[in-house]
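Below: one structure, written as structure tokens.
Order of writing sets the chain letters: A, B, C and D. Residues in each chain are counted from 1.
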Amino acid sequence: MKKRKLVPFLAITLVASLGVTACSFGGGAKDDKDTLVIASRSEPKELDTAKTTDGPSGIVTANVQEGLYRHAKDGKSVEPALVDGEPQVSADKLTYTFKIRDAKWSDGKPVRAQDFEFAWKRTLTPETAAEYAMILWDLKNGRAFNEKKTAKVEDVGVKALDDKTLEVKLEKPLPYLKNLLAFPMYLPQREDIVKQYGKDFAKNAKANVYNGPYKLVDWKQKQSLTLEKNENYWDAATVKTKKIEIKVMTDASAAINAYTTGQVQVANVGGDFIQKYKDDKEAVAIKEPTSAMMIMNQKNKFLANTKVRQALQLAFDSKEYQQGVLQDKSTAAGGLVPGNVKGNGKDLEKLFRESAPAEPKFDVTEAKRLLAEGLKELGMDKAPELELIGDDTTSAKRHGEYVKDSFKKNLGVDVKISSLPFQQRRDRTTNGQFDLVAFLWQGDYNDAMSYLDLFVTGGPFNYAKWSNKEYDALIKKAQENKSGDSQERLDAMIQAEKILLDEAVIIPEYYRTMTYLVKPTVKDMVFSSEGFGEELSFKWVQKK
Amino acid sequence: MSKILEVRDLHVSFHTYSGEVKAVRGVSFDVEKGQTLAIVGESGCGKSVTSQAIMKLILTPPGEYKHGEVLYNGKDLVKMSEKEMEQVRGKEIAMIFQDPMTSLNPTMTVGKQIMEGIIKHQKLSKAEAKEKAIEMLKLVGIPSPESRFTQYPHQFSGGMRQRAMIAIALSCNPNVLIADEPTTALDVTIQAQIMDLMKDLQERLGTSIILITHDLGVVAETADRVAVMYAGKVVESGTINEIFAEPRHPYTWGLMNSMPKLNQDRSEELSPIPGAPPDLLAPPKGCAFAARCKYAMKICQEVDPELIEHSKDHRVACWLEHPMAEAYRREVVEGRQSV
Amino acid sequence: MARYILKRFSLMIVTLFIIITATFFLIHSLPGSPLQNAEKLTPELQAQILAQYGLDQPIHIQYFKYLGGLVQGDLGTSIANGQSVTGLLMNGFSASVFIGAQGLILGIVIGLILGVLAALKRNTWIDSFATGTSIIGVSVPSFVLAATLSYFIGVELGWLPANLWGTYEHTILPSIALSFPVVAQISRYVRTEMVEVLEQDYMRTAKAKGISRLAITVKHALRNALIPAVTVMGPLAAGIITGSLVVESIFAVPGMGKIFVDSITSKDYTMVMGSTIFYSVLIISALFIVDLLYGIIDPRIRISGAKE
Amino acid sequence: MSTEKTYTPELFEPIGQLEKRAEQLNRKQVGVWKDAWLRFRQNKGALIGVALLLVIGLLAIFGPLMNDHNWETQNLAIKNQSANIDGHYMGTDHFGRDLWQRVWYGAKISLEIAFLAVFLDVVIGVTIGGISGYFGGRIDMFIQRFIEVIYSIPNLIIIIMLLMWMEPGILAIAIAIALTGWVPMSRIVRAQILKLRSQEYVLAARTLGASHKRILLKHLIPNVMGPIIIAVTFSIPSAIFFEAFLSFIGLGIRPPEASLGLLISEGNQILQLFPHVLLWPALVLSVLMLAFNLVGDGLRDALDPRMKK
């Protein structure tokens, strides 16, 4: 006789499904003094420091690895890390010799100069396909090797003279070399480990070794990462907090809810929560080296007219946009280069904007006049509809909504918004299939040049397809800097930006600022505004 | 002979979207021990409701017991609680339903369905109950009962299912068996088998039977007494001989005429009763049959006739029985006989 | 029985094969490139990376290679982050399946109880309550419900974690949010069916045997009322998958939903294929299980494939 | 004869059979549709549903005429107002746009999408279900396998891909919803037709040499109308729901346009700060769904008495 029972069947299903997942609960995150829990907007994409490009990965790598220099406790400058004392610099400022301090990897082996040489050359090797390899192009023959041109791997300007001495040769003098050396692509890697894990290198916590203040002990995809204090770290005495947990939370309200209920102690404030929390006493604003703008496609006959572009530039109220739509601590922009980016002129610490202030401009009357003139020049009676393409994120959509309404209200120009998935938006931007495109640019290194060289004739990111001989000449002059006079270099850049703005190649919008919430119990959490996105450093952090 | 079941002035109504349907409007009858009472009538006359009302199987709501009592061995079932009724149902009074297709649970083996009542009322263990159930299957004439025991109703034929129903009903030796049109849904040959089986079992077990049917042929063969129902009322009741030999209500006449007789001429047609029963949402003021009655008088439309005792057992509810209609009645009876 | 299962199983494989083929060519025909940061890449580098994932080959070669890998149980690596697709799926799977299964079971149990009570106590306050619940359950969008639950119970009242993942408590609110539409559907179906079953002749038979009301309800009515309710379970299980997408995002559950949508919009081919196969297998198995359950509950349906 | 009443002799005059009147007394034979209407009219919930639908429908059409604002003009100076000031009956949203206007405009768009999607559902579903059920055999077999495949692909993937191809708008979203929504409709039609196909009047029509088309149109379709109507009333709320879902995950209607789903999605982002922006569209959406469900229930009870509660 067959027994047919429904209830036991369901019960077994339930028990089985519970059993499958029961092991996935590793116990709750207790709010203890030794563990700091932070919320991250997204999951690290790539922890192989040769290939990493995203902010969340940067946060992890900056805390589990260390290079010659690291971001200092003040969050602005860099300080020596694995470098022992000041490097020897050649007279032409093209050759540096670094001494490496005594330090160990998490498996106990010493950090050697060869680890640097291996890592940098690996990043430049074309087969590695490192997306950010161009950060290393300033090394002698770096670009030529990376682009499979003339140079061979042994020509690249990095060499371990012995275990403790690293010689670095440059293409041109770099006033900001130390900043550059704090970047993930300049971190050391162990050849034996990379070879051992091959394809799986850095794909999980076990598949790498660490030389930073912390080591990665667990990585649950799309869920969390656990860092533990690295006892082998050369400065381990400074490290106070034993464990850091990074929880991945893509939803803005999820992060805030987790913060307010105390499940995490540090969270990024996203979306509309910024209105509620920007002036909170637990809020920390971090200026990013990011400039937001709209680019006008000059292949469009209408937008090729300078007066039309000037009219559009004047019809966008970046102050109102910042206050009314963004509502965060970002700064309304009047120029291209963000306020926290260095000019690297005579005074190395002086910021670019301090030498070249650019106030946001908004003038509807003037804009209308310019538009009318421009239309007359073009022989048109009415402005055509313009297509604004942007990402399909909430903030990009809101940007579109605001622009559409502004141009309609202020100029009577119709705008069609196309919100596209990231890839599609990018393809259409690259192929010039747009009239207006919302564009965010984050510098690759802390110098105004990282922004200004975008718009040279034929530049890969010159989406405006704008071409100006004078501008090109100024940028070339600054880049080559033949005289070696850094002030002259800065002046050329200031002049170039002025041309860019006067010609209305871009409509400046804002310089981005991130806001974090940090519980008062968390002390000495360091936020650095350099590098890829905001970086958090846990080296000095303490929980009360 | 003693009465085992007495129904007294039973009123049952149903509340529907359209209003109150008075399905049973004052029914009274008795059942004697070991005897068979047949309740006859057209469909919708309230006979099924009456039978279910005895066992309190009417769902309330939408149903409602308005008035009256059902006395089983002197105890009023209408006043009993559900818990007390559970001890009556199946054990004291059992029931067989019209459609064996739908009256058996399709998702439970036949054996289990028989065992259920046995376990409940006879307090037997599962193994004993199974034995008893197989015995019951054997008793009702189902071949190879052991293998049939574990089968589902859809694996049974119609006649087999009705046998199984009877097995369920008789499994706890009830004193009264209500059979609600037990053969209607079956083939003619099977009908006879089932009726024979019931008669046979009645003799062996001494059960009283209430047989609900519209088939006077079946009644003639099995019943001791007959109650004819129309529109929620008993219009005539009496012993089988009285009803068949001397029917007194025009409706009973109608029923008789619509039944083929052995001695009937082939040329003679069956004469069905014209028209349809009244709407019980709003029963007529007078006699419910008046509109269809060939012999209706003015009063029939005005006043509802009461049940009049014609002889000791024979009662009729018709104005023709009234002394003032004496002359007309005679005329009618003569007319009928001359036809 | 074994033959039936075998037949169903081979049909499932064929279905799956068609789905894989269709999805593969569809996703590859979408405009755009799967590279994440192509903006800053030179054309040489782009070609290099594409070659690494074999995306430079003709589409039919890619297709056969993919099938080849699939046969060996290899779903490839995600183009977005180079992780193994199987690993990523298994990671998201446990969380999604947990809240999904818990939500489904919770929904079915509560839905059953509500539906049965409503049918038994027709036209009483219990019935009104159950009907009200089910109407609200189908009328209020799950995302509104999820956001409200997270905010009020999680943040304002602080009874349960507002979101995140880690302990068992974290699974409760997402499961409740997911269970709501299930409660609504099941209770509706069960109530309607129960009402109908209660009016069936065999219920009267059972009652006439003198069996108690509870036993009648449990032994006779419930099983029969469940048959139609089982049919909606397939679609309900599929619906939970859709629902989980929003719920997972609101409660920051590290599940499958987000992976899935992201992979399609970012054209992460291998990830799309992986999650499509995964979801399809889930749905197909759900339908299969429903069919089996059907046979278990209703003996009239012989599992020989002759059902119609 | 205890209660001897007095009756006058004329009461006992025979009047004979009143057969004709007896026929008249019979309840009137009511047509299927009329009967359904009668039953529907008795259903309080369904009537409330109809009333709610009327109210929302009228507001979606005439609501925008009831104040001096429009759905798209921004005014950042008065953003996120929850109070009814200056004719902003429902307050304003994060761009200072009038919520009253946006909610009714959004309701209109949502309804348009839903009706369009369900229309497509019916066209595709009835055609395929009809062909499948009517011809049976190999064709049926093939179509059913096809449906099985469609049913087993997560519908999201089809929809997302479609929306990446087409410009997202009312038509694209309606097509996306209908693309997977027709399956239940076709099943209903097929099941009904299979049932009816074997019935005698179809057989009769066939013997009389009626063409396939004629049989389908004249005999079968009218008979499956009931189940289709019921399915439609349940498909509309689920289409509204699905549109809302798509908009919520950012794949539906694009701002600054509005649909109920989009408004809810926008409101959800500022739920903790300005709950009214979520409240109003969520309320309208819920009431709309409620109304359709109530009407659907009522219609089902009315047209399909078997399902009657």
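Everything that follows uses one rule, which is that a contact is a pair of C-beta atoms (placed from the backbone, for glycine too) under 8 Å apart; a residue touches a chain by one contact, two chains touch by 3 or more.
Predicted model, so just to flag it, every value in this text is computed and none were measured.
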Partner chains shared by subunit B and subunit C (touch criterion as defined above):
D
Please tell me whether A-C or C-D has the greater number of C-beta pairs in contact.
A-C
For the pair subunit A and subunit C, the C-alpha centroid-to-centroid distance in angstrom is 38
Can you give the whole-Å distance between the Cα centres of subunit C and subunit D?
24
Using mean C-alpha positions as chain centres, tell me how far subunit A is from subunit D in Å, no decimals.
50
For subunit C, residues contacting two or more additional chains:
31, 122, 147, 151, 155, 223, 249, 265, 297, 299
Contacts with two or more other chains, residues of subunit D listed in rising order:
164, 268, 271-272
Once the touch criterion is applied, which pairs of chains come out as touching?
A-C, A-D, B-C, B-D, C-D
Residue positions on subunit C within touch of subunit B in the complex are 122-123, 198-202, 204-213, 215, 219-220, 223-224, 227, 297-300
For a test of understanding, state which residues of subunit D touch subunit B in their complex under the given definition.
1, 7, 9-19, 21-23, 25-27, 39, 42
The residues of subunit A that touch subunit D in their complex are 252-253, 256, 271-273, 275-276, 320, 323-325, 392-394, 397-398, 400-402, 404-405, 409, 417, 419, 421, 424
Subunit C touches which residues of subunit D in the complex?
145, 148-149, 151-157, 160-161, 164-165, 194, 237, 241, 244-245, 248-249, 261, 264-265, 268, 271-272, 278, 282, 285-287, 289-290, 293-294, 306-307, 309
Flag every residue of subunit B that touches subunit C in the complex, lowest number first.
52, 55, 57, 59, 61, 82, 85-91, 94-95, 97-99, 102-108, 113, 116-117, 120-121, 152, 154, 165, 168-169
